[in-house]
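Common to both upcoming complexes is subunit A, partnered first by subunit B, then by subunit C.
Let's turn to the complex of A and B:
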């Protein structure tokens, strides 16, 4: 058996070591450096779609996605240089520009990862006036409700369904700005296989996927008591 | 004149339907030499020494790519010829495929022998469907004569996506998936088609191989500039009197090609390298065409003084937004945002702050996009902002 090599890299000025095959993101997290991610999820194979986790690596013409780039011996990485932060901000701004923006009405507003990243990077109202994505809410299935106007195309549901649930329900259709997570030939989701698995709902970073609300559900919780 | 025919040596000389006409012009002699007199390592050394760089636009050293694939572990390896000539304004590969399919087949056969591949693919652009029969015929004839005993060459047709000319999307397309780019590393020479070591070369790159093997690296090495060896085939179109395909020694001045050969007049600017190519204003027309300066895939689009820069950039961006694969956020959303901003300039409704927004957006897209499309999409914008800033400023409401 081959021995796993130790690799030493410089990350934000300090020398740290990791193992062969580790990604920049993993090493950063191990050393307490926070790199924002959106499409990445540790339980899924990396895809590098959102580009929010980009970092600067010396000698590289462009920034590199930290969630999929393996570390190499002697790499010099900057995770929070001005260039990196500026780029991340623009990407988040772009995602917000086409996002429906109804956070006040969104059930997931307080757990939304897009909103959290935007707040962390101090991104306010986006400067771009692109089209908003608009799709009707799909609530045919009693188990899953899809509001693709809120989708940021991170592919998490697609990968989770393929890799964890092993049902391969979702796919991507169309291209460019019109890309969309679809079921079959862009039909509302009403699959038999989509029942109680919930894997995609839990992994969705925004409010695009949710459990349909049952009648009277709001009233089932504990009464809200405001103490003075 | 610096016209020199290396790649186009047999074009319009041989009959593309009959292998016999090719055989009389040293056809398949390079393959014979490569198989009988050279080891695969020697072939790769020869290609490396020749200084041949990829002709698809990126200019990666061809020999190095082959060496990486040769040394990558695994028995199953692939050679892909990228004939998905999608770049706006290029038609050189079409001209080559139409007139000389045999040299290409010989090039693929040598490449396969060098890296140890048993399977080769030609990824043919959907719009070139009319060339399919002639290519199949050429492969069959080469097979009949026993030249392709070590490798099977199959043709895979694209479905009309611009992004599938990008190597990783091209591989996805051959695999039968949706044509989307993959992140790198791993690079195709170590993990490519179906996860196996793969080399992907442009048609024109492979066309150079037989002659490098026959005449030696030192012969090829003398042609061109220090870091750009050999010749380049250019497709010239736009406001010129003699549009067409020209093969020039690398390092030739743009002026010579545009004004002396293609007979352009009152040039305002030249776009070198297609939709995502650099803009060259007329006062820089003395620039040399080489990898050190500007080159791309060899598309030369000439615009005369009647053309409007904003119009050109706007329409280019509309094209890129439509052709973005939609995988990575900066390209998918960024091209769309650019179309919106440029559209306002186009209608003379620009805003002062838009210019800064365009610059910041361009920088973010160039730095963070997943593939060459998103990284190069802002080039027409940044170049036009650099050379034709007045055109933007005049369109501010």
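Let's turn to the complex of A and C:
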């Protein structure tokens, strides 16, 4: 059996060691350093789509995504330098610029990871004025409802469906601003395999995927009767 | 799937063949038909949405039938700075359709494309495989006439 190599790196000024094959994010988390993530999920293959977890590495031309960059011997990493913080902030601002922005109306507002990251990074009113992504809500399926105006293209549902549910329902189609998570030939989602799954709904960081709410669902309890 | 379409599929089952398959379908049929996408997804063991995603990502693949001549105007930055918007407008006026559409007589399809590598002579467009460069609105009607 091959021995697992210990690797020593400098992270935010202190020397720590990790194992070969670990990512910068994993090492940071192990040492109590908090790096925000959006597209990353420990149970999915990292793809570095959102870039919110970027960190500075000495000798690297650009900032690197910590969720998918493995540590190497002698690496010097800065997770919270001014440049890193500013970059993360602009990334969130850009995500929010084309986001529908209807947090007040959104049922997932208080569990939304995009909103949480924006609050943590102190992102205020959007600086960038651009078109908003808009798609009508897909409510054909009784098991899953999609509101793609809220989608941030993190690929979590695509990966979760492929890797956890093993159903390969989603793909990403089109290009640039028009990129979109699609089902088959860009049809509204309505698949029998989605019936008892919910994997993608639970893993979606925004309000893009949700369970359709049934009318009267909240009023299931017995009516209150006050007897005199 | 018709007999003609079967011949287009390469023998390998590897997923890296996907783009080659789609390119062949495009040159064979002039577009990538839906049945072809279903068949390709089956033979490579990937989902239909993944094949559809690749087919819709590339400017030179189309999922709808195209007209006899395909006009592709570059929408990238250098052409934009050299006023490609004016060229797009004059093509619209000339053949009466917007980007993404095909004329009712099937003679022209009008598409916008990403960079075609003619930035030094921007604004540029492709009609089928011919490159037309240094465009001005005045040149458009004569160029299009030669394809009518």
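In this section, the second predicted complex is superposed on the first by the 219 of 228 C-alpha atoms of A that agree within 3 Å, B and C clash if a C-alpha of one lies under 4 Å from a C-alpha of the other, contacts with A are read in each partner's own complex, and residues count from 1 in each chain.
The definition used in the following text is that contacts are C-beta pairs under 8 Å (C-beta built on N, C-alpha and C of every residue); 3 or more make two chains touch, one makes a residue touch a chain.
Computed from a prediction, not measured in an experiment: that's the story for all the values here.
Under the clash rule set out above, the superposition-derived model of subunit A with subunit B and subunit C contains a clash between the two partners.
Contacts of A:101 after superposition: neither subunit B nor subunit C is touched.
For subunit A, the partner with contacts to more residues, out of subunit B and subunit C, is B. Of the two partner chains placed by the overlay, only subunit B lies in contact with A:129; subunit C stays clear of it. Legend: residue contacts after superposition of the two complexes on their common chain; A:86 is shown touching subunit B, with no touch to subunit C.
Looking at the shared chain after the overlay, A:172 reaches both subunit B and subunit C. In the superposition on chain A, A:188 makes contact with neither subunit B nor subunit C. Of the two partner chains placed by the overlay, only subunit B lies in contact with A:54; subunit C stays clear of it. Stretch 310-318 of subunit B is the one among 22-30, 40-48, 58-66 or 310-318 that clashes with subunit C after the shared chain A is superposed. When both complexes are aligned on chain A by C-alpha atoms, subunit A residues 171-172, 174-175 touch subunit B in the first and subunit C in the second. On the subunit A side of its complex with subunit B, the touching residues are 46-52, 54, 62-63, 65, 68-70, 83, 86-87, 90-91, 94-95, 97-98, 127-131, 152-153, 171-172, 174-179. Residue ranges of subunit B in contact with subunit A, taken from their complex: 161, 163, 178, 180, 183, 185, 321-330, 332-337, 340-341, 353, 357, 360-361, 363-364, 366-370, 375.
Here subunit A touches subunit C in the complex through residues 168-175, 182-186, going by the rule given at the top. Interface of subunit C with subunit A (complex): residues 34, 37, 46-53, 56-57, 59, 63, 114.
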